[in-house]
Amino acid sequence: MLDKIGIAKRLAKELKDGYYVNLGIGIPTLVANYVPEGIAVEFQSENGVLGMGPFPFEGEEDADVINAGKQTITTLAGASFFDSALSFSMIRGKHVHLTILGAMEVAENGDIANWKIPGKMVKGMGGAMDLVASAENIIVAMMHTNKNGESKLLKRCTLPLTGVGCIKKIVTNLAVLEVTSNGFKLLEKAPGVSVDDIKKATEGTLLVEGDIPEIVF
Amino acid sequence: MINKEVSNVQKALFGITDHMTLMLGGFGLSGIPENAISELVRLGVKNLTCISNNAGVDDFGLGLLLQKKQIKKMISSYVGENDEFERQMLSGELEVELIPQGTLAERCKAAQGGFPAFYTPAGYGTEVAEGKETREFEGKMYVLEHAFKSDFSFVKAWKGDVAGNLIFKGTSRNFNPCMCGASKITVAEVEELVPAGTLDPNQIHIPGIFVQRIFQGTHYEKRIEQRTVRQKV
Amino acid sequence: MLDKIGIAKRLAKELKDGYYVNLGIGIPTLVANYVPEGIAVEFQSENGVLGMGPFPFEGEEDADVINAGKQTITTLAGASFFDSALSFSMIRGKHVHLTILGAMEVAENGDIANWKIPGKMVKGMGGAMDLVASAENIIVAMMHTNKNGESKLLKRCTLPLTGVGCIKKIVTNLAVLEVTSNGFKLLEKAPGVSVDDIKKATEGTLLVEGDIPEIVF
Amino acid sequence: MINKEVSNVQKALFGITDHMTLMLGGFGLSGIPENAISELVRLGVKNLTCISNNAGVDDFGLGLLLQKKQIKKMISSYVGENDEFERQMLSGELEVELIPQGTLAERCKAAQGGFPAFYTPAGYGTEVAEGKETREFEGKMYVLEHAFKSDFSFVKAWKGDVAGNLIFKGTSRNFNPCMCGASKITVAEVEELVPAGTLDPNQIHIPGIFVQRIFQGTHYEKRIEQRTVRQKV
């Protein structure tokens, strides 16, 4: 089973040379720490920065330089700042190559829900609806089950949707899965996790074809 | 040169009344019009509709207006991190319209630029598209979204000149430029107000034509919401 | 009868304190030379400059600083440069208060034609269609008749339109006229020009009510 | 940092073929991609569709491509000051689509920003609206206009860095920023190419994400179309 850092490390393998990448709040943010050697990627944050670097050293925080998670950040050489409209032009116009974001639920038809629990939690969608409606390459990073042990990989989402049919891949603490027209196709399993474990934790259709390799970083 | 300078925040907010619709710049607590918000609290105007990406925190930013129950309706994309907001929303005291962040930015830009409506893919197939017109272009579905209509825009810039030209700093730029000229009256507050001719015309982010009133703000707290740092090794 | 400078001087009286003004090519451009004392106006050129100043001194021309007529210009304190999209947002969004432009024909219903003579002259509309479709306050500056002595103030335009029902006022070498629902209302006549002269030169309906004052600058 | 530098104009134009649609920045002769145009002439690619506000003059700018009859169709807002253009257009050799200047800019921006279509008032009731969908919003009529589709954007900036970030100068900015990222491949030529980290991130006009290839151009003529001056008294 992977911890959050393990999930981030596996996600980092999805980065390719020349990619502009938007990382959501939570686990996705950690991906920036594990960019493979020898490739160049730039991180975009939808509040208006491209070329994000690591967190600042203590005492060097600037309230005017934050990411979409409202965290203080730094920028790297080649960075740029811009307004929210141009930022979403980058996203909507498919200039951002990869989006990694969290989810409450993903359905086997590629639907995603991550912004609202009616009557309980209503934080809002932020930039997520623009991201999932626009990007060609969207990966969900999340725990396979919720705090009550219920599967987050469903036949159909039960919560209000963020986007329809848009998710292509999912990396969880248990597995890497691809969304296909027949269901969730199991690509890789986490160390120490069996295919049966994954089956039990997956409410949606799980497709298991041949030997499933173990995740390597 | 058309002079847009007003001497203080009181003059800058002249004409504000109950039931108005306001745009307020900022992302989280970064780049928010702190002085204008304080004055709105002092004036006690009520039943406001606020268009702002976020709703501040309990004791800062738009949270200050929420505490005093001056806001009737919020139009935002993300409203976490604010308990009083959540309480008012779940209890039904506060009307909330949540829309995608890119749609929010572009509805401001449409108002600024005289576009009545545009098509965007964001939100198609979700409840934010309910009751809205949708349409297919080349096999993909889009939602028709309309320009906002509002009375005042309150924006915060880093530097400005008396002609109303604005320069923003870092990610505190965010929605501020998009809201300039998107309301009947745009009020800009700046950390530093300089004479016309001081700023490089090539480096102006927002030309003064989009700003009706400008003043130098005071006592910027610029609170940091998530102070994340790394240690020096 | 007014010459071009006279027309420009009369147009300058339409400028009001605080106005942002877009001046078309030709006679309108001259208006900038006659801004009344004591008022502040800024001139916008749709190729991306606000706060235009006079022509540069010889030797100080900059190929990167021109107006929409492609003339070398200077800028005044408080000027700004911007791209074509933001420039037309200023125009479409009604941030520009007054547009003065030339025309080949104006009709008594407010239609204007100034971009094309089918089969003969096709220069294009440039920014004129955006300007006339957007501005609330549009004044046409032109000669009352064309080179063949034919009226340019018509019942209906004969050339392809630039905009419909958008012209409010016209300043010519002979007169100042307002476009009303009943026709061209004569407001002022040029020095040395009689109402009859204007009638003869106007193909469209001319409304003459009471004494018509002479244009004063 | 993702490096976008290519060493010369030949590499910058790699992949250009006949029948492609190109966007070219510039207003009049100001801010035109001089090096890219020269290379297009040298390559002799033909049957091009060119989206550009103007068509140059007889012996400069896009006029050079017109002379060699490389252009099949021009999409522009103003094409005066070019005798060869007029001759080809009136004789029917050259297809010409004239559209309002603001519409041209925004159709580029729509392509850049992933908007399929938008409503604008420009051209309503005229022949440019013929065959187009029109619609009323609050008593005013608008025309539905669509995003351009094109293969290459050629833009000219003042300064750029190897990450593709661009800064434009004066009114030579014009359509250039709008065309960046509006084609499959955007090629930027700059007067001065600097290392990443040299330009102030706050003062970038176009972030490098919208640019695929950047090179430092040579021999900029920057011809002035209408040299207007006043005399020193």
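Per-chain numbering from 1; labels A, B, C and D assigned in written order.
To be clear about the criterion, a residue touches a chain if its C-beta (ideal position, glycine included) is under 8 Å from a C-beta of that chain, and two chains touch if they have at least 3 such contacts.
Because the structure is predicted, anything quoted here is derived from the model rather than measured.
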| item | value |
| --- | --- |
| Set of chains whose contacts include both chain B and chain A | D |
| Centroid comparison with chain B (C-alpha atoms), farthest chain | C |
| Interchain centroid distance [CA atoms averaged], chain B/chain C, Å | 36 |
| Mean-CA-position distance for chain D and chain B (Å) | 33 |
| Euclidean distance of C-alpha centroids - chain A vs chain C, Å | 55 |
| Multi-partner residues of chain B (at least 2 other chains) | 109, 114-115, 120-121, 168-170, 201-202 |
| Residue numbers of chain A (touch at least two other chains) | 49, 81-82, 85, 88, 91-92, 134 |
| Chains touching one another, given as label pairs in label order | A-B, A-D, B-C, B-D, C-D |
| Of all residues in chain B, those that touch chain A in their complex | 27-31, 53, 76-81, 86, 89-90, 96, 98, 100-106, 108-109, 120-128, 158, 168-178, 205, 222-232 |
| Residues of chain D defined as touching chain A within the complex | 1-3, 109, 111-115, 161-163, 165, 181, 195-197, 201-202, 204, 207-210 |
| Residues on chain D engaged by chain B in the complex (per definition of touch) | 114-121, 137-138, 140, 142, 146, 167-170, 201-203 |
| Chain A residues touching chain B - in the complex, by the definition given at the top | 45-49, 54-73, 81-85, 87-88, 91-92, 115-116, 119, 122-130, 133-134, 160-165 |
| Complex contact set, residues of chain A against chain D | 18, 20, 40-42, 44, 49-51, 75-82, 85-86, 88-96, 134 |
